[in-house]
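Every chain is named by a letter (A, B, C and D) in the order it is written, and numbering of its residues begins at 1.
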Amino acid sequence: MKLLEYQGKKLFAANGIPIPQGKVVTNALEAVEAAEQLGGDIVLKVQVPAEGRGKAGGIKFVDNSFHVHSEAGRLFKMNMEEFSIEKLLVEERLDIVEEIYMGLVVDINTGEIIFLFSPEGGVNIEQIVAGRPEKVYRLPVDPLSLPPVYQLRRFIRRGGFHGKVLEGLTGIAEKLLHLFFAYDLLMAEINPLVILPDNQIVALDAKVEVDDNALSRQKFEKKFWEERDQLEKEARGIGVTYIKLDGSIGVVGSGAGLAMATMDMLEDRGFPPANFLETGGGITEELMYNTLRLVCKNGNVTGVVINIYGGVNPIEKGAKGIVRFIRERGTPPIVVKALGNKQEECWETLREGGITVINSVKTEDAVESLLELIDARKVQAKTSGKGMM
Amino acid sequence: MSILLDRNTRAIVQGITGRIGSVQTNWMLEYGTRLVAGITPGRGGEIVHGLPVYDDVYEAVEKHGANASVMFVPGVFLRNAVLEAIDAGIKLIVAIPEHVPLHDVLQMKSAAEKKGVWLLGPNTPGIISPGIGKLGIMPGNMFTEGKMGIISRSGTLSYELAGILNEAGLGQSTVIGVGGDPVVGSRMIKILQEFEADPQTEAVIIVGEIGGSSEEEAADFIKEMAKPVIAYIAGRTAPSGRRMGHAGAIISRRGQGTVQGKIKALDMAGALIAKKPSDVAGLLKGCLK
Amino acid sequence: MKLLEYQGKKLFAANGIPIPQGKVVTNALEAVEAAEQLGGDIVLKVQVPAEGRGKAGGIKFVDNSFHVHSEAGRLFKMNMEEFSIEKLLVEERLDIVEEIYMGLVVDINTGEIIFLFSPEGGVNIEQIVAGRPEKVYRLPVDPLSLPPVYQLRRFIRRGGFHGKVLEGLTGIAEKLLHLFFAYDLLMAEINPLVILPDNQIVALDAKVEVDDNALSRQKFEKKFWEERDQLEKEARGIGVTYIKLDGSIGVVGSGAGLAMATMDMLEDRGFPPANFLETGGGITEELMYNTLRLVCKNGNVTGVVINIYGGVNPIEKGAKGIVRFIRERGTPPIVVKALGNKQEECWETLREGGITVINSVKTEDAVESLLELIDARKVQAKTSGKGMM
Amino acid sequence: MSILLDRNTRAIVQGITGRIGSVQTNWMLEYGTRLVAGITPGRGGEIVHGLPVYDDVYEAVEKHGANASVMFVPGVFLRNAVLEAIDAGIKLIVAIPEHVPLHDVLQMKSAAEKKGVWLLGPNTPGIISPGIGKLGIMPGNMFTEGKMGIISRSGTLSYELAGILNEAGLGQSTVIGVGGDPVVGSRMIKILQEFEADPQTEAVIIVGEIGGSSEEEAADFIKEMAKPVIAYIAGRTAPSGRRMGHAGAIISRRGQGTVQGKIKALDMAGALIAKKPSDVAGLLKGCLK
């Protein structure tokens, strides 16, 4: 779960990392009020979980309070990636002496946590990484023993800092590390972290991502911003992972690998997938029924391949959900490849419900079978169409 | 001989008194797996499917010489169960649960690496050495004894692969699910090394996926292997993973994690590339004379 | 700082260790009310920081609610060691199946923290320790890495426990360990920890001691119960350590070793010390003045040896306090041995104030000098007394 | 040669910018101590009494080869300062502060023992090797160079002892305050071993106190020593320490910690017992020919 900037900053402030003064607003009038309260020059920042808001025009510096209303109004009319703008962060503008990069991330390849620090941060961090990688310092962090503050101080000193600024940066590093572990974060990034003329240090941005698997032990309000699509949100409610794609064949797999293999084969046959969908190990009749409803809400879907295995999953129960869906809707064509524990019971239920069952071990057989079925229905539709005329 | 799970394996079931733990214990026993005890803190003294239940792993190690454990504890309790098993001297840990918090995975992985423990998972169907036993949730009837080793990042695709091999008359020595989570306990390359050294195994099939770099890392060893390796990588049509801020870009090497990149690395290392799972059988027959 | 039983139990309950239902009362009438609220059989327990309350008659089991008033009244009239009884804890009485001992303590010799556990606890724990030491299990705890819950469970299993009781005991051990570290405890002891017929586990007593040196980072209300004496309480207010003794010569040392050596020499000369007093490193004029006032409040004091060194201590400032005290009071005879930084300045101040200064390095010279001074005053007093007759 | 603090010592002052730290630094420098830098996080770049101030210990080690540190940080900050010094490779740490939380002391002690670091204190006046330098708060003019080693649990009594030795014409090789807290960083027996091996030292004086068991432990080594040991133990008339619940009784051996017990153990080990500090001079003259 990615937090929006203002949510991440709230978390920062609650844990002692200084942030600029600011207010979240939902319309241009509120933006004007907030700007008046703050006084002086301000910044307007759109609150969406997209990358590169600055370069996409989602961050506006407003020098004259006279222009706040019009600029805010313009931002609220924007779209960024798939997101409409529902909230703006109105913030004071600060005099900046230096911009720094600080972040914590998991390297999924090695399973290491890496603390990243660069004395040159800001919008151009990626160029710095590419052109002068020696300017980005990496400190691997053992999840079983966190670095004490004095090791952080020594690490940050490599950036050439001393005295009060070093102490300020060290304190923020310590707090960021604490946050990362205390809140089960997947990522915590401050770019830029800025030094003001009085040597105060302030986090100008906040990129925070919380581990969805840890939400049961964390107290975050569960708000999911990442789904780019209404169907993806619904999928989370059902308990499956769904990603919408551009093709026409719905895919339901009991594992991510199997679903992806099915998608690849569909693509190879010239029928690109309409979605990725993984049920995981929680199949029930209800889940399977809801899953099919979800997949078929995508108007492009002309057929569905269901590819499931019975290990912990009770595929015989899932079969009932499939049958119920087709009994109610009649359409689209569905082919089910279901193997494993209680496969015979599963097949019987499906066949009684009139569903095409593939008992081959090969996914391509299910794909072929579905394509034939779609083809046959087209012919049938044409024929019956002709008959009606 | 199979690898990791063999005739010397004496396994326990952590979380044996849970609903899934109990059902799966029964299936593992029916398959012939040598299970020696179950563990559930607070339930010591009970009996489940004929197995004594203990409060801690240490007791099962002391009394039964247990050396392997399969885990059916809820995801948020997995960390402590795994750390206990490692501390008690267990050498093979099969972590079935999905939805395990990533920080917990990192801690388990770090502890397992420090003690030289095989940690499969989390989010794995487990490991099966057909004819010997299985520690996991895979349906036993989908596998047959033989000489092919399988390493799979996907549980369901490993079933598909085994089915295809069975039809081609190619049984399996050991089939290992490394786990479907972004970070898992054991490196593919280490398992490859075991297969290379195993007298029973004649060829190895790698079932990979988009994301991560375990296949690229494995390629480094494939170059040196005497046994043939066939690789299938799923996910050409999958949307690429979302970025993790700038940090993701900073820590990852260019092009790593794509299906194309993986296939290229494996191909250059001498592995045969299957375009779809069923191609594996033909490729195998070609290289096993 | 030792907590009283009810304070320790409050801490237990707030951290998830079960305690009996009960109420603290300050008179017999409140005790009756509390007993009625609790219903059933009850226990009355005096709340004082003394050891062995049970054996000294400070714990009363009352079967008949009719007797609560008289029993409570009797307890409130008791004295235990030097303490009067100001509070009683009125508690429900529980059916007990087993009594267990559990404790955490620091071994000051090795600097180890030891977790202690015995499946046979209760009033006779010390006999068990003496007679069957194999029944007391010891787990050394590294302060840099606490034992995880599974190691505690394994340790407690050595007591022969299994299943639900083992799990309950393990949970309490984990919480006790947490308490010990989270609250900077010097000791945390539960004796007995009891198992009820339904396998619930309850802490029947609580001995908790907090590190005084950590009170600045802990949130305990600072109440000191250990001082057996009003003067000891006053000493804490001044910032010195004072223990009242039976002799007649007051002792003030700038370090504990020096004070004790002075006391030993006084004892050897047949003039036992009236107190132990250590100033530590915080001498000021005011502190020295207040210290002397405190020492001389003890009516037995017939003379004072002050034995101080100037390392971090500004002895020249302390001298002013001594002079001020004697100028105001005139009495008793005081001898000062003061050496170290600025010793000459110190001596000058004292001599100008009419105080006897010893510039020898030997403490016995100060002792001898004081005894001579006392003797001389007696002669003088007798002489002048004679003259007045 | 003296012990611990010698001509190779290059010391830093942690907490140099504090009031006491600054004053004591001046006195240590006036005494001739080789101080190379001061440390105060957040004050890097300043100069105190001619010494450069750094933000961390690592920098002083890198730039000046610092190998010893004397601490003037507030008691509750001492733990981190000590742990940093140990991590940075400092081998002698003199922890002056009193009122240090016991848990912090236990952590420092554990870390110092794991890394083989000398930790004197907390609550110590420090260490002085007359003629070479002092790391601590003892008045330098109370000590003279010579051949007597002193180990003292009491700061003030070590001054008294030195004064008595000076009058008797017996200077000191090194005088060490181990610290007045119930738990301190270094064991007396270890320091005795250093004195036994030190060519300059001809005899050792132990100044002990009621409580603890460091003197009893030291007695085990005194039996084997070639050099004479004189012991004075203060506290015969002191009230015995208060009990720590039953736990105190459970962990302590019978009779340990009393003045009588200590004297008996030291006497039996061959140490000469001084009844009062001034007796030490006579006892020494008797055994040094």
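One rule holds for everything that comes next: contacts are C-beta pairs under 8 Å (C-beta built on N, C-alpha and C of every residue); 3 or more make two chains touch, one makes a residue touch a chain.
Keep in mind that this is a model prediction, so the values were computed, not measured.
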{"item": "Reaching subunit C from subunit A through chains that touch each other, fewest steps", "value": "2"}
{"item": "For subunit C paired with subunit D, centre-to-centre distance based on mean C-alpha positions, whole Å", "value": "27"}
{"item": "Separation of subunit B from subunit D, taking each centre as the mean of its C-alpha atoms, in whole Å", "value": "56"}
{"item": "For subunit B paired with subunit C, centre-to-centre distance based on mean C-alpha positions, whole Å", "value": "59"}
{"item": "Chain contact graph, described as a line, ring, star, complete graph or other shape", "value": "ring"}
{"item": "Touching pairs - complete list by chain label", "value": "A-B, A-D, B-C, C-D"}
{"item": "Residues on subunit A engaged by subunit D in the complex (per definition of touch)", "value": "148-151, 153-154, 157, 162-164, 166-167, 170"}
{"item": "Of all residues in subunit D, those that touch subunit A in their complex", "value": "41-46, 55-59, 80, 83-84, 87-88"}
{"item": "Residue ranges of subunit C touching subunit D (in the complex, touch as defined)", "value": "51, 101, 103-109, 111-114, 116, 125-126, 129, 136, 138, 142-144, 181, 184, 186-187, 189, 191, 207, 209, 211, 213-214, 216-217, 226, 243, 245, 253-258, 260-261, 263-268, 272-273, 276, 280-281, 307-312, 339-341, 361-364"}
{"item": "Subunit A-facing residues of subunit B, complex", "value": "20, 24, 27, 75-76, 98-103, 105-107, 109-111, 125, 136-139, 142, 152-157, 159-160, 163-164, 166-167, 180, 182-183, 207, 209-214, 217, 232, 234-239, 242-252, 256, 275-278"}
